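Quick one: structure below, then a few questions.
Going in written order, the chains are labelled A, B, C and D, and every chain counts its residues from 1.
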Amino acid sequence: MNKNKKLILICVMLLVVSLSGWSRPSAETGVEEWQIPFLNILTGPIASIGGYLQWGAERAAEEINAAGGIAGKPVRIVSIDTGMEPAGGITEMSKLLDSALVVMGPVPEPVILAAVPLAAEEGLYSFTATTSYEYVADFYPWAISWFPPTTERLAPIISGWLNHIGASRVVQFVENYGVWAGMAKAHEQGVADAGATLLRQVDVSTDAVTFGPLAVNALQQNPDAIIFACNPQKIPSIINELKSRGWTRMSNLLIFSSGDAPELYSVGGSNINGAMIYNYVDPGLSSPRWDAFRAAYKAAYNGSEPPSLSPNYYDAVYMIKSAIEGAGITGDPSRLAAERILLRDYCNEIQNFEGIQFTWSNNHGYPKNKPLYLFEIQNGAKIKVLEIIPE
Amino acid sequence: MLNIEILIAQIVNGLSLGSIYVLLVTGFNLLLLVAMIIHFSFPVIIVFSIYMSWIVMNLTGSLALGILAAVASAILVNMVSAPIFQHIMRKRGSVDINATMVISMGMGMLITEWTSHAINNGFPISFETEAVDPHGWLRATRAPFIRAGLVSISYSQVLTLLTGIILVAALFWVLYKTKAGRAFRAIAENPDGARLVGIPLLKTGVQSYILTGILGGLTAALMALLLGQASPDLGDQLGHKVLGISIIAGLGNLGGGLVIALLLGIVEAIVQGVFSGGSWSNTVAFLLMLVIVLAKPRGVFGIKL
Amino acid sequence: MEQKDDIILQVRDLSVSYGHIKALREVNLEVRKGEIVVLVGSNGAGKTSIMETILGVNTPDAGQVTFEGRDITKNPVDKNVRGGMTLVPEGRGVFATMSVLDNLLLGAHHELKTAGKKLNFVFESFPVLGVRKNQLAGTLSGGERQMLAIARALMSTPRMIMVDEPSIGLAPIVVNSIFDILVNLNKEGYSILLSEQNVYKALKCAHRGYVLETGRVIKEGRAEDLLNDPAIREAYLGA
Amino acid sequence: MSATLSNYLTITAIFILCTWAIYLPYRMGQLHFMMIANMVISAYLGALFSGAVVSGSQVQEAINLNLHWPFILTLILGVVVSGLLGYLISLAIGDAPCFAVVIVGFAFMYLTKAIAENTTALGRTFGMFRVPRIVEGLSNSQNRLFLVCVCFFFVLLVGFWIYRFDKSKLGRAASSVFVDRDLAVSLGINVKKMGSLLQTASSALGGLAGVLYLYTLRAISPSFITFHNVGLFMTMLFVGGYTTQWGPLLAVPILWGIPLIMPESLQVWKNVFYAVILIGILMLKPEGVITRPLLRRLNNLVFKRRLKPAGSGKNLS
């Protein structure tokens, strides 16, 4: 009886606490300090990705604060976890609707699909810097994309690669998840553009753990080139299965940009040497800012290269800084709605923004001149083979 | 469409996938038989042992210590979690067995959080690096020793399959032919009754944790060998299938689990080898299970609890 | 007065409580070699508590249990079973999902080496169990289960058998045969401590009895005397 | 009411309905996860019929139904289709054992997911969005408030219905099936009919929750309602207590609310907290927080207090 009473009391208290939680304002953008909420994924199996995205954003904030802050005021990244849960995503997003100047994230696609429409309707601008253009284009002008429309760049790089290796019979591994199917579609376009045939799309199921069957499925088509559009940690295992069945032409394997993640290298090691990969980020680039970023990342992550997505929210923080300073935003709560629009319009059409990798200009909320590179993988490093630099 | 070479290749692949299922389903069933736990997150527990063995191998480069770590950590997890399960299942009459399934999910969450934050920065781990496998033994075992066209067989595949079958046979013998096994089953059915009969609960309990621990540790070691890698979500990916196979075969049915696990592996391999595009292969596997369960609601080989 | 070493089980001032509930208050009782002693009382009088405490399931608040001259008050159950006492629990307590043979072998868990001999003995005494030895215990009838429970108890080579409510839920004719079995076992030399709600039958076959009420012994004596006690006749025999 | 609070309340109400959908067949010991698949089906149906759109990048290939059914019609559609589906399936598995039913749920979850992921009209992996507000012309905040009212109306309605069921002869019969199926059969209870009834109700409830969820998120994609939800609702049911309908009412607001109020520094530890709370509560109360004996005692407590002034408390307890 006593135990029960206590338990009920605790439960009631928890309930009260959980209900009263919202009475305090969270993440209020004041003039004393710029608070930038970051809806990130910090829990669950893919928390590691959120971890290095957070790292990039925090690094930008530290640099900015060391150099005098944004418009003279310090900046702080407010970390918020959404997990993979859309319901949690919209609730976390709704906490920010009345107070935040801008929001970074969300990161996982299920949360983007639920929370960004809400933010767009309520006039809150989202920096969705890790997902495909197609995922956020529908919410323009209230969401920014870090990438140009998928086919615009992917098709040319695929045909460039096919011409480079001189192959014509292609098989593609596709995992039907999030943006990957869309990217696979863009690859298809590139294969057609190069005059090659796509023999088969091999379905990589999300919970596959062994890959022999898929390798056999692909190889029975007798292809001379293979594209991977699936989970990065699965790619080395598939390559292993291909190799154990006699595949030798490593440069005829192409890994898509979402595969360019730490998982690929931590699992692949030297097994994937010689395979090709395309991406928008060139780790070999040499500039003082990039070199410092790269060195800091290596120091924080036991010597591994910065993943291709790691600079995205670093750049996002800097873009917010230049928008606040360039559009004369004050952070005054009474002007919140107007300043949100100022910031939005500034970023959607930002010109000559100095990103850590390249200087870009936006048009309709996405970068017009983002370059795309083709690399060869050697022991975790990437050697540039081709590049597409738009006018 | 399927020529004979491809069929053989896929059957080999299927047996390899099936042998992972065999190991996991056997462990899952064993926990049901000796402790009446529906350990839904059992594959996640195995992933914990894989990670422990990786940590030890990464530090020492010793394969033997790695296997030892897998077994020791599996026993340790049992020792820590068993009192929780026992506490919950003490009131056998009024507490439903599915409460253990929820506890198991909670444990799985804790392990996933640990692996995705604390180990290797949350990135997947590989057993083929210089530090983990300095002599290249794992790599050599994983290389094919028979290759004919698309058919490829590695030592690790043969080893996993054989060990799986031997383990099932050995467990069957322990559970149904030995004094300890009889006591395990008695405690699982009715701990209070077993105590009245004079079975020493603590000693027998520890024995059963060691048994399940050894099985779990070996499973972890073999999975590491066969897959060459592990990631925080590996366990979740296998959870449904393992539960599914156990149900289809008949809960607690060791022999049935072996057969169904291998068959499902082969079916999945063939299905995955046929489909072009779309994410249908899992659906096919589960629809097949659906048909079987409609025909045989208590499992193909019958529930053995 | 019998000699002291005739006493196989002696319980002195035994008190047990579950949480705030006092289950037993200063119970004293004894069982002598070759005796059938019956505990009489209504539901909740403490019959099961006495037996389980003697066996070592419960830790008493106070008091002492001596078995064959040794103090066993704090012994765990398995040690007491090895020491020569056993309990046939209320509701039979057979393992329904295990075979009859497995159930019997569980009784001999601590000394399997001689199990073969004991099995022969048990199958001789209970031929029906021999016939059904590979059947699951859950498929037996109520009387057969009670036989199995008693047979399992015999497998541990006890010198004293405690039997908790053997007649519950059994048809009258089956109850008779169960009591016959107990009497026969007693004749073969087993001391028996029996708890029973079927007071008339129990006192008929017992040597002595104790009457319990709310955890206390309120009366004790020879079975015939108790059977003739008007108060008991009124309370338990409805006459 | 702030957007956060209304979203919290709406989703709490929906999750309560979902947990009840699992509770109902569990009354007779069946773990019926079909309701998750029903949520997906009715949410997609709702999206199709209410005039939601697919992503602009897929719009050329998608068939535009151009329907604009009002909320109430899509709701009825979702409930009826789900209930019908649940009923048809229950004809085969009405009296199936607990774990056979699990497989049915899993199979349908994979099936609905694969269909959604591969159908262009449903937006493939992107799903559908721009689900209209419940009533045309409402502002976002009015719409949210309206949703809170609608959702809690259904919680009351369904809650009352379940209450009546639990108190009825049928409810007692279901409990007896849970405790001992063979005994129940020998008492003349038609287990198959009972299972059929409960499974149909569970499916219809899943359909209801699916449509409400759709109108709350105002979008749907294959990644919205997944196996993750099975774990979520299971934990809510078992922590709250699976023997009475009141468990979910207590567990859902807490388990779903706690992660939302974690301070910033503890965001990374959310799942750890969740898991520890889960294990901790089940250690303390293996049958869940709210059990039948607890309810009886609470009942007595309340009655005593109310009746004491009249001086008749003793007689009643």
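Points worth noting:
One rule holds for everything that comes next: a residue touches a chain if its C-beta (ideal position, glycine included) is under 8 Å from a C-beta of that chain, and two chains touch if they have at least 3 such contacts.
Note that this is a predicted model, so its numbers are computed, not measured.
Geometrically, the chain at the heart of the complex, using CA-atom means, is B.
Centroid to centroid, with C-alpha atoms defining each point, chain B and chain D lie 31 Å apart.
Remark: chain B and chain C have CA centroids separated by 44 Å (rounded to whole angstrom).
If you average the Cα atoms of chain A and of chain C, the two centres end up 72 Å apart.
In chain D, the positions touching at least two other chains are 117-118, 268, 271. Among the residues of chain A, those touching two or more other chains are numbered 43-44, 47, 176. Chains that are in contact with each other form these pairs: A-B, A-D, B-C, B-D. Only residues 179, 182-183, 185-186, 189-190, 193-201, 305 of chain B touch chain C when the two sit together in their complex. Of all residues in chain A, those touching chain B in their complex are 43-48, 51-52, 174-176, 200-203, 205-210, 212-214, 216-217, 219-220, 233, 236-237, 240-241, 244-246, 262-263, 266-269, 271, 301-302.
Within the complex formed with chain D, the chain B residues making contact are 84, 87-91, 94-96, 98-99, 101-103, 105-107, 109-110, 112-113, 117, 240, 243-244, 247-248, 251, 278-280, 282-283, 285-287, 289-290, 293-294, 297-298, 303.
Contact residues of chain A toward chain D in the complex are 1, 3-4, 7-8, 11, 14-15, 17-19, 21-22, 42-44, 47, 78-81, 83-88, 90-92, 94-95, 97-98, 109-110, 113-114, 117-118, 121-122, 134-135, 137-138, 149, 176-182. Looking at the complex, you find that chain D touches chain A at residues 2-8, 11, 15, 55-57, 117-118, 124-127, 129-130, 140, 213, 216-219, 221, 223-224, 228, 250, 253-254, 256-262, 264, 267-268, 270-271, 284-285, 289, 294, 297.
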